[in-house]
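Structure first, commentary second.
Order as written gives the chain letters A, B, C and D; numbering starts at 1 within each chain.
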Amino acid sequence: MDILVIHLFNALLYASVLFLIAGGLSLIYGVMRIVNLAHGNLYALGAFITASVVGQWFAGSTSGWLFLLIPAGAVGAALLGALIEPTLLRRFYRRPEEYQLLVTFGILMVLEDLMRFIWGPYPISATSLFEKMGSLRVGDWIYPRYNLLVIAIGGLAGVFLWALIYRTKFGVLLRATSQDMRRASALGVNVNLVYVEAFTIGCFMAGLGGAIIVPGQSAVLGMGVDALVLAFIVVVVGGLGSLEGALFGALIVGVVREVAISTFPELELAVLYLIAAIVLLVRPAGLFGKTA
Amino acid sequence: MSEIALRIPAARRSPLRIVVWAAILAVILALLPLVMDSYRTLQLAYGLVFAVAGLGFNVLLGYTGLLSFGHAAYFGLGAYTVAFMVKYLHVQSMELFLLGTVVSSLVVTAIFGYVCVRYTRIFFSILTLALSQVLWSLAFKFFWVTGGTDGLRVPTPRLVGIATSESEDKIQFLSHNYYYYVLVIFLLAVAVVWLIVHSPFGKALQAIRDNETRARFVGIRIRSYRFMAFLLSGVFTAIAGALWVPLNGLVTPDAMVWTFSGEIVFMSVLGGFRNFTGPIVGAIVYNFLKDFAVGATVYWQTLMGVVLIALVIALPTGIVGTAKLVAATVRRRLRS
Amino acid sequence: MNYLETRKLTKYFGDTHAVDQVDFQIGEGEVVSLIGSNGAGKTSLVNLISGLYKPDSGQILLRGEDVTRQVVQDRIKAGIARSFQIVNLFDELTVVDNVALAVFAREGKTRWFFKLADQDHGVWDEAHELLKQFGLDAKAEQFAGGISQGERKLLDVAVACALKPRLLFLDEPTSGVSTREKAPIMDIISSIVRSLKITAVVIEHDMDIIFRYSDRIVVMHQGKILASGSPEEIRANESVKDAVFGPTHA
Amino acid sequence: MSGRPTRRDFLSQLGVTAAAAIGGSVAGVGMASVAHAQEKPKGNIPDKPFKIGHMTFFTGAGAVLGEPMYKGNLLAADEINAQGGLLGKRKIEILKADEAAGTDANTKEMRRLKLAEKIDMFMGITSSGNTPALGPVAEELKLLTIFIDGCTDFLFDKAVPNPRYIFRITNIQSADGSTCALGVAHTWPNTRKVAHIHPDYSYGRNCYDHFSIVTKKLLPHAQNVSEAWPKLFSTDFTPHITKTLAAKPDLLVTSLWGGDYVAFYKQALQHGLYEKMKVATTLALGSAPQSIGKDHPEGVLSGVHANYHFSYPAGNRWPLNKAFVEKYHAKFNEYPNFQAEGAYTATHALKTAVEKANRLMGGWPDDDAIISQLEGMMQAGPGGYVYIRPDNHQGYKDAITGFSKNVPEYPFPILDPDRIITIPIRNITAPPGWPKGEPTSTYTWIDQTWPQVKAS
């Protein structure tokens, strides 16, 4: 029985981080109809920033205030997003997809190098926070408390986003722009502002995903490209542009991965692509998506 | 509309004139190894191989309007087909390799194509990407068959039944005998693809690209045409993969990974995918460019990334498209 | 026997009855105008008959033969063609390519891989001939995306005509064109349709055009057929006035 | 049953020793190569630079291994250049190339370096996926090459069975799994239930295979109770840890390395994994010694690629090591790993070969002369002697492993100096002439020639 709880925690842990990455990707697609291939790099950027702020600048500190520095990575990723959306991406919304994909592919390459330039080749992490929280006893098992914090943050981010989109004025503007940009624009919505805000929120989520993992895991070069492929699987399963889809997609991927690792370790990798392929076969727009 | 206004329709030229131009180009390509060092010749051989892949890829992107982000799978499939034929069937003949590649790629693209052509736009891109990653993870996982990350080695093949002796210099072989072999296949591929895209079938593909609904309403069965285009595209890309293996000497799952698919897209856009010659020029230039970047700096990714971003912003029609536009402007100026 | 007949043809979009149990007939060689306010179901009816939509229920009979389940391509073979309200062209092909493509498709030649399209002189001669009839021959080598709106409307019809249809649906052939250009466009279309004895259904809003060019007028309202008759009969019909032109239009 | 040796007998027959090692192979012979290094070269030596193309991971997650490799090469080149260069004349110039560009691009780059940049020699390579790709290319190019790592058995088993131009300096991959298993058999002979966590690529599988075949011979009662194969460069090992804990093993064997191992041990600590089982690793302290914190448990069998750890040979016992570690630390502010040592030793082996060849024939030696000197060379490096086998051009150095221990001198754990385990490499790798086998020649050699020990 206890082990089921542990497995559930593991699945939720993975799903929380995936939801933050894929949710951001999906949000951006939903509003701007652009698939950002550099999205995984924003996740990596969040991880590197938080790891260097918490793990390097304040390396000796044991203060509890350090927890408040975790979102530094999310803020950094959001700032970068707020910078590249108006300067680079905006001119591509009316252009064919191949150009959108390629410009973000170019950004991916540049960001990958930029992180190496700033942080060097070695993995960095911020483990003091992970250790500080210690472990929790579940029957015969002990489990890191920090992982539960990650799950909580993932859940809270989901609730917050839901509230933002369905319960605020900004959410109304966002949904209006997403459904019909021209009409929203005609009705006096500042579409450009909505775009930059939506993109920034999407990047913030990706950055937060990276930021919350570094106390327990580490920031390594190349993590962004891997994360992007996983996020793709999530949005393919859940439906591109759907936040509920991202949530369910992340949960499905989290659970399937946990089951695969503990029962068919050989399939850890392949099974995720297979789910994506099968879902696409049955429901091309994903479980929660709408076909264009 | 604005992008259409930028372009000029290709003038209808007599096939004779095109054949003459192609022949001149072929002669130049055939003479280049005599004046270039063996290293540059090898680079050109790589460029021609990728050009074959680009030609195939562009049947889908440029002519059918479908952006595949999974073409590395077919390239890698061709490469692995050759490696399997060496390992399990002890075949050495390059012609048999090419034949085997055509067969294997027909089977796989038929399955993938059947699935993929039901969708368009970004859904098509993501589906092709996901399916290519399935192949990649199989190549990666089934190491007892594929060698996993170690990959599979491919020795010097027999060309038109002539074996090369062990003692012969491999670089000499690759930059001469094999270069000309690649050149011949490349020219054949150019001829075949050119014919296909200029056939009524090719016109139908372009019609589907431009306007799916209207294409249906002139009586074209969209899906089966897309499926045929998918097959053609996959087979030519797989042939490129088969040609590439002897040059590289080894195939690993890297040849199937999605970022390599991105590079194939990069090449086509670099040359200009709305022109027949675009992907050819793009593949050759890309090859020299990446080679230069990797040699010049450890931050080669930044260099390539900046080139890509600058390209899509400033020269969306690629090298060939831009060159045509410049030529047309100059001609207009001269006339007035 | 009617050339085309629908029986209780029905299509819903959610709760909206776009086409509601419509029985529509047209005789061979007739030119019928389909009128009604926006959302009356005119275009939906054409979309059902031409095969763009699948009906929820009802039947479509072409020369007495049930074609309800046929795919678009088979209906085209049977002689049904159409143009579009919002121009549907192959924008990145030339004007003559647009027409030639329809000819190639009609002759089943688009399955040919290894034959140069440009060398099939029969097809190109036919395409140019058709363009001449539509007054578009001067624009033959321009991109279809680069010609004027009026020319695009004409080309849209020309592409449909290149299929040698027996039954042609023209969905607002003069919409989006200035009033001055409307009559010349309709003159060209009408003369071609009449000379080839094509059965035609025209959706239009411009009443002058409707009364001038149609043999018969069918009025739709809220998914149903409200009235059908000669231009004079329709002009006199009070309920049509209310439904189509609004009560104030006296 | 009389034919079967006991485990203890067989281990001592293999030469597995664990002690406050004096380093048998290390003592006495001393600094021969260093001592007569500065003889005046014979004949006319050109003074154009000697170009070495150094390809390793400068980007991506592999850079954690690549950077130290380059630094080792750089340090040795600086030392040689300070004396005027090779034979006092030819300064070493290093051209960097990024291995992360991909196998295909690497092949091209090697060709470019040789054909366009006209390099005299090629060094480097981290990934075991890349040596089988580049080895044959180097042979085709007739390019003198010393691979530092890329340690797969596959290179000299299959890809280049009869090398002429290529050499490899670090140990063979199969030695990692075998050394780890011998360490376990020696230290924890009562192990019954074994769990595995390996990165899912050839290195992980190779470690798994060789650990398994050795334990089959030496620990007949041991059985596998769990296997997990996380992707290389993963950061979340939570499910793999859960799976391992659920199987309740006596021992966990893992070949995770670099950032993967760091993330793994931090997470495992919070799950109490180290308290519930013994842990044996193949590369834990190998990739970047300073990246492991003092929170890492002591007494973990800590592999160093069966090759080198900067703390051994310790102190003044082997001055080459002391000097190397000090210079490296002074220059780069970090401690060298096996890659740095390998690249450093390889560069000095080149110097030795060039000097010897010059003494024999005078002038600048051609590649064949250098190769003939490298073949069969016994080169003293910081980690002890490395012997370059003439038949397969592979560097052989005694395998070492040990147990993690915190000492006051370093802010990270090192190998417990009192319990270093060394094994003569020839006893755990297939000898010359052994037929090529699957998955490796060493595997079939162990399987067919090692006795099954008596169950105790």
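One rule holds in what follows: a contact is a pair of C-beta atoms (placed from the backbone, for glycine too) under 8 Å apart; a residue touches a chain by one contact, two chains touch by 3 or more.
If you're wondering where the values come from, they're calculated on a predicted model, not measured in any experiment.
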item	value
Path length in steps (a step moves to a chain that is touched) from chain A to chain B	1
Neighbouring chains shared between chain C and chain D, ordered by label	B
Chain closest to the middle [Cα centroid of all protein chains]	B
Distance from the mean Cα position of chain C to that of chain A, given in whole angstrom	50
Chain B-chain C separation of Cα centroids, rounded to whole Å	42
Computed distance of Cα centres, chain D from chain A, in Å	38
Numbers and ranges of chain A residues touching at least 2 other chains	112-113, 116, 266, 269
Contacts with 2+ other chains: residues of chain D	58-59, 200
All touching chain pairs, where touch follows the definition stated at the start	A-B, A-D, B-C, B-D
Chain D contact footprint on chain B (complex, rising order)	37-40, 42-43, 46, 140-141, 143, 148-151, 153, 169-171, 174, 244, 248-250, 252, 254-255, 260, 290-291, 294-295, 298, 300-301
Chain D - residues contacting chain B, complex	58-59, 96-98, 101-105, 107-109, 111-117, 127-129, 132-133, 136-137, 139-141, 152, 154, 158-159, 200-202, 205
Parts of chain A lying in touch with chain D, wherever the complex brings them together	3, 6-7, 10-11, 13-14, 17, 112-113, 116, 120-123, 125, 127, 130-131, 134-135, 141-144, 146-147, 213, 216-218, 220-223, 226, 257-258, 261-262, 265-266, 268-269
Of chain A, residues touching chain B in the complex	35, 37, 88, 91-92, 95, 97-99, 101-103, 105-110, 112-114, 116-117, 225, 229, 232-233, 236, 240, 266-267, 269-270, 273-274, 276-277, 280-281, 284-285, 291-292
Of chain D, residues touching chain A in the complex	57-61, 63-64, 66-67, 200, 227-231, 233, 235-236, 238-240, 242-243, 245-246, 258-259, 262-263, 266-267, 269-272, 288, 291, 293, 295
